[in-house]
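The two complexes that follow have subunit A in common; it is paired with subunit B in the first and with subunit C in the second.
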Partner chain A sequence: MSVQEIPKELESHLKPPLLFGSGRGRVLTIFIMVLLFALPMLAWGMGNQFYLDFSSRIVCLAIAAVSLNLILGYGGLVSFGHAAFVGIGAYAVGIPAYHGYESAWLHFPLAMFAAALFALVTGAISLRTKGVYFIMITMAFAQMAYYFFLSLEEYGGDDGMTLWDRSDFGFIDISNKLTFFMLAYVLLAVCICLTFKIVHSRFGMVLRGCNSNEARMKALGYNTYAYRLTAYVISGAMCGLAGALIGNLQDFVTTDTMTWTRSGELMFMVILGGAGSLFGPVLGAIVFLLLEEILSAYTIHWHLPFGAFLIFCVLFVKGGMNGLVTRDWITGSKQGEK
Partner chain B sequence: MSTLFLIQLLNGLQLGVLLFLLAAGLTLVFGIMDFVNLAHGSLYMIGAFICASLTFWTGSFVWGVVLAIPIVAGVGFLFEVIVVRHLYASNHLDHVLATFGIILIADTLVQLAWGPEGIAIPLPEYLSGQVEILPGIIFPTFRLVIISSGLLIAAGLYWLITYTKLGMLIRAGASNRTMVSALGVDIKTLFAGVFALGAVLAGIAGMLISPITEATIGMGNDIIITAFVVIIVGGIGSMKGAFIAAILIGIIDTLGRSFLKDILAVFIESASAETAGPALSSMLIYIIMAIVLALRPQGLFPPKVR
Partner chain C sequence: MSKTLLKVESLKKTFGGVVATDDVSFDVQLNEIHAVIGPNGAGKTTLITQLFGEQLPDAGSVFFQGENITRLATNKRSAKGLARSFQITSVFFDFSVLDNVALAVQAHKGHSFKFWQAATTEIELRQAAMDALHKVKLDKRASMKASELSHGERRQLEIAMALATNPVFLLLDEPMAGMGAEESASMFGLLKSLKEQRAILLVEHDMDVVFGLADRISVLVYGRLIATGTPDEIRRNPQVREAYLGEE
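Up next is the complex of A and B:
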């Protein structure tokens, strides 16, 4: 026995990873991504604006969820303060616009930079802690950002601020709802591809290694803290981008986008769709917003069934929607890329 | 100035005592069951609303509190048996999500039962007045009642944990859960009991504050974050840490809100101090938390085990 045999269940890891995954999940993923693009287009073509706006919201929140998934799903860092990055991104559009700077080439880089900077500072402190401390510290830092923006009377404070014009890209006009949707969709695709690249790069492997066995990674000589902090900053910047989009989408910037319950919702989207799966967060955002829309149409007390659904998911649905699809129901094991 | 300072110091102590009642429940539940309970604030809210109803029914705030306590204990017990018990085996992320769901449910149920409006609880005459505690310093009687009852409860909790059989089991459970159950202790009942105790502490905090602020939907969702800051600063799982941090955070928060603007005005021009003051004072406790953690990631008084 000179060559060590590779166990059968690990064989799939030898193949190069595919963007859309493999097996049953692959068909479904492509189907959903096409549907997410085609359905609102169709609705718009038939003169129904509502579904275009609704899908834009899904896509924007999906970007935020994808960014959270990078550190939560792959890095194992349970950040409970991601709404802060969304809020910072939104204010990076609102505050320059208030002072008369309308260019998107200022807004979007500023949103990403400001969110990345906030991630760098808070991450540097938060990542010194572990487990439940990390959950609560990220939440507390998000509250800090929340109160900071709440106290800025100049920029609306409690009441929020209206955006009179959307960010100006020059060659495209995103105050057109269709253009906005297409831009958001393209940015979502870019973020997913970027996450795919990151996760399967050497950097991503170290990050995932830190999640599954930190002591071993440290013993191998990796500075796990630096890798995690880098991932945290990337995730923050990506979420800031989502925030800039959401600010534009709402034509209104308010601290409401950064309350801690919003962070909880983002986390739920990731878990619902399947943490640590590339398209899971997108699926989670779709199901979350659809459910919210449908339930709130029936009753103003829609939080009641929604909360029950959340508890049900935590107790009984392991691995999220993605896990339900890719699980091999006969043998009970999971197939395809995790 | 010094009169105002003393009064604000007492107000800070009152907030600190309330924070301790909340943080103590969180500490018990986390220290023993390793369970993160975001919905602890909902028990605070439920305590306030039940107390409000009972106060109107019996016509007396004191009876309202006395009768509400066993009911809140029951609610906590049921909560543990129906949902929480099934989550001990999962990770902290699941705890956070599930208890987040419970917050949504609790807020809606309270709104269905009591309506969307806040309820003001009337105080009896002998509690609603003011007393002169020192010459020239007049302080509301009820706030003194909150401070003293909070400190009494803290002392009682210390006695319970240090000198009773139950306290011994709690401490043993915190340091080695498996061993305790192997020694024949009914761990399920112990956990449910501890959870109910935490619920009662949170409920009492809600009952004590609502004559001042009204019982409102979502009243627990803001203060629970502050309570989390308290247990992080104090060191999660440490009762002593929770007490010291609660008093500290309560006083710093209250003093910051009333004096930071004036302190800043000494250093920078008053117009900017006018805007920076409120911003900085609402962020003050988080800044303190960040500093504490940057220096001591485990909090000020981390428990010896774990």
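Up next is the complex of A and C:
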């Protein structure tokens, strides 16, 4: 087979996208991702377990935020029910474990599948609505899931259920906190890479096009509903994975992980970090949890300054944390990665 | 023998008390540029949205190549070879100019449930998009963001995107509005060359363009078609002169 010849005038228009972007922010982004891995290891090496657990929480919630970012940031779909997928993922670990099925190879696929199925059914209905109605209906479905699990007396009801053993992977033991952290980090990296591939593919272009101008997408011949629903299902599955991790991390499965305020927190992480940017949700999760941790050490009324900070960021920091990281501080121009 | 591509029968559409489309019937032949003219608010844009399925008529039918498409979804009409441009520029402002057109090309190159290869590296898409940009003379702006284009250039992009879907039937809603004289002239030549093996329904306010390009003209006033005919017939029509061309 002959190699396809590239016409000269096209050469400059065939640039492959870069994982860490092409702007000044790439070094800083890589640095932060390395720190997110190295610092907890260092803390653990110095005998401080707390920071390892704390970092695991950041990483797990970052996966959930990355999944939400796919539909919220890139797809423009403001889903206010993402915590439901986290909860479903967690119960996909808790319920089989309760019945004596400990294998992670059951838990994790089940978590993703169940969350995807929930996304398919609720998305099929929600995506028929727009704007505020979409926000409300996704939240309503999440509340239904919440009350469903709350009513399961067998599985602890509102007391939740203790996970006596973490999911069993066979070749690795995630009841070891360090192993758990490394697994979570690897899965986060995989989710980021997958998102990277997806948003630059044909499918991703369609998803972003629907966000930018849905009427035009329809006029061009796209069945926008089908593409959005697919993105919703992918996002749900990814978030179910985060849920399975979070259940294991807490050694406890409860409906607290799926209240509507949790959905709000995930949205905050995405928007705070920079919706529609690849690493934004990770930065959002880091800043969100760090602030929560620091402020709550000073005062029990930490929600107040926290809320004020979030409002400030949303109003004044364009592009969120990712906007700050990728900003060219010398010329002042922003080099987003779109 | 000419072939009828589009046939509209007794189309009706009202918004509350406003009759936007009032018993409209006409047809468009292959290789024809059929202009629709009329004063502001006559219902020209509303007519296009009904032909393209973005709004559904209250009554009447639309046939495309003999098939009743009155209630067909917009994206399916596009698949059958219809395309439209918008009076108010409707593009992806946060995308590059080339990405805008490539997304239009992609819509008609199989399904887009492809999750792996970066779309910006697909030569097939980029080449076809570049060709469409050449046609409207916008190739020099390919890597600019659509939001950075001048008003006239946005209008050219609008047309390039409609062309990139490789349509049989083009619905153009005031394509020249806001273009400079030079851009306008080149668009004139482009539209003229496009009608071969196609048909165009052209809504336009510039009478020089309309009378210079159109094979037939339909005149719409308050939602009602008061005349359809060749440019000469329309020019001589007393009703049209009174209702619309009178002031000229």
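To be clear about the criterion, the second predicted complex is superposed on the first by the 316 of 338 C-alpha atoms of A that agree within 3 Å, B and C clash if a C-alpha of one lies under 4 Å from a C-alpha of the other, contacts with A are read in each partner's own complex, and residues count from 1 in each chain.
Throughout what follows, a contact is a pair of C-beta atoms (placed from the backbone, for glycine too) under 8 Å apart; a residue touches a chain by one contact, two chains touch by 3 or more.
Note that the structure is a prediction, hence the values are computed from the model and not measured.
Undergrad: So in the superposed three-chain picture, is A:169 touching just subunit B, just subunit C, both, or none of them (first/second/both/neither)?
TA: neither
Undergrad: Once the shared chain is lined up, is A:140 touching subunit B (first), subunit C (second), both, or neither of them?
TA: first
Undergrad: Touching A:230 in the superposition: subunit B (first), subunit C (second), both, neither?
TA: A:230 sits against subunit C, while subunit B stays out of touch.
Undergrad: Which partner does A:20 contact after superposing on A: first (subunit B), second (subunit C), both, neither?
TA: Neither partner.
Undergrad: A:205 contacts which: subunit B (first), subunit C (second), both, neither?
TA: After superposing on A, A:205 lies in contact with subunit C but is clear of subunit B.
Undergrad: Considering only touches as defined above, state whether A:222 meets subunit B (first), subunit C (second), both or neither.
TA: The second partner, subunit C, only.
Undergrad: Which positions of subunit B touch subunit A when the two form their complex?
TA: Per the stated touch rule, the residues are 30, 36, 38, 83, 86-87, 90, 92-94, 96-98, 100-105, 107-109, 111-112, 221, 225, 228-229, 231-232, 236, 275, 278-279, 282-283, 286-287, 289-290, 293-294, 297-299.
Undergrad: Help me check something: in the complex, which residues belonging to subunit C touch subunit A?
TA: 52, 54, 73-75, 78-79, 83-84, 86, 90-95, 98-99, 102-104, 106-108, 112-123, 126-127, 130, 139, 142-143, 161, 165
Undergrad: Hey, which residues of subunit A end up touching subunit C in the complex?
TA: Against subunit C, the touching part of subunit A is residues 4, 6-7, 9-10, 12-17, 197-198, 200-206, 208-209, 212-213, 215-224, 227, 230, 338.
Undergrad: Quick one: in the complex, what on subunit A touches subunit B?
TA: Against subunit B, subunit A makes touches at 72, 78, 80, 122, 125-126, 128-129, 131-133, 135-137, 139-141, 143-144, 147-148, 150-154, 260-261, 264, 267-268, 271, 301, 303-304, 306-311, 313-315.
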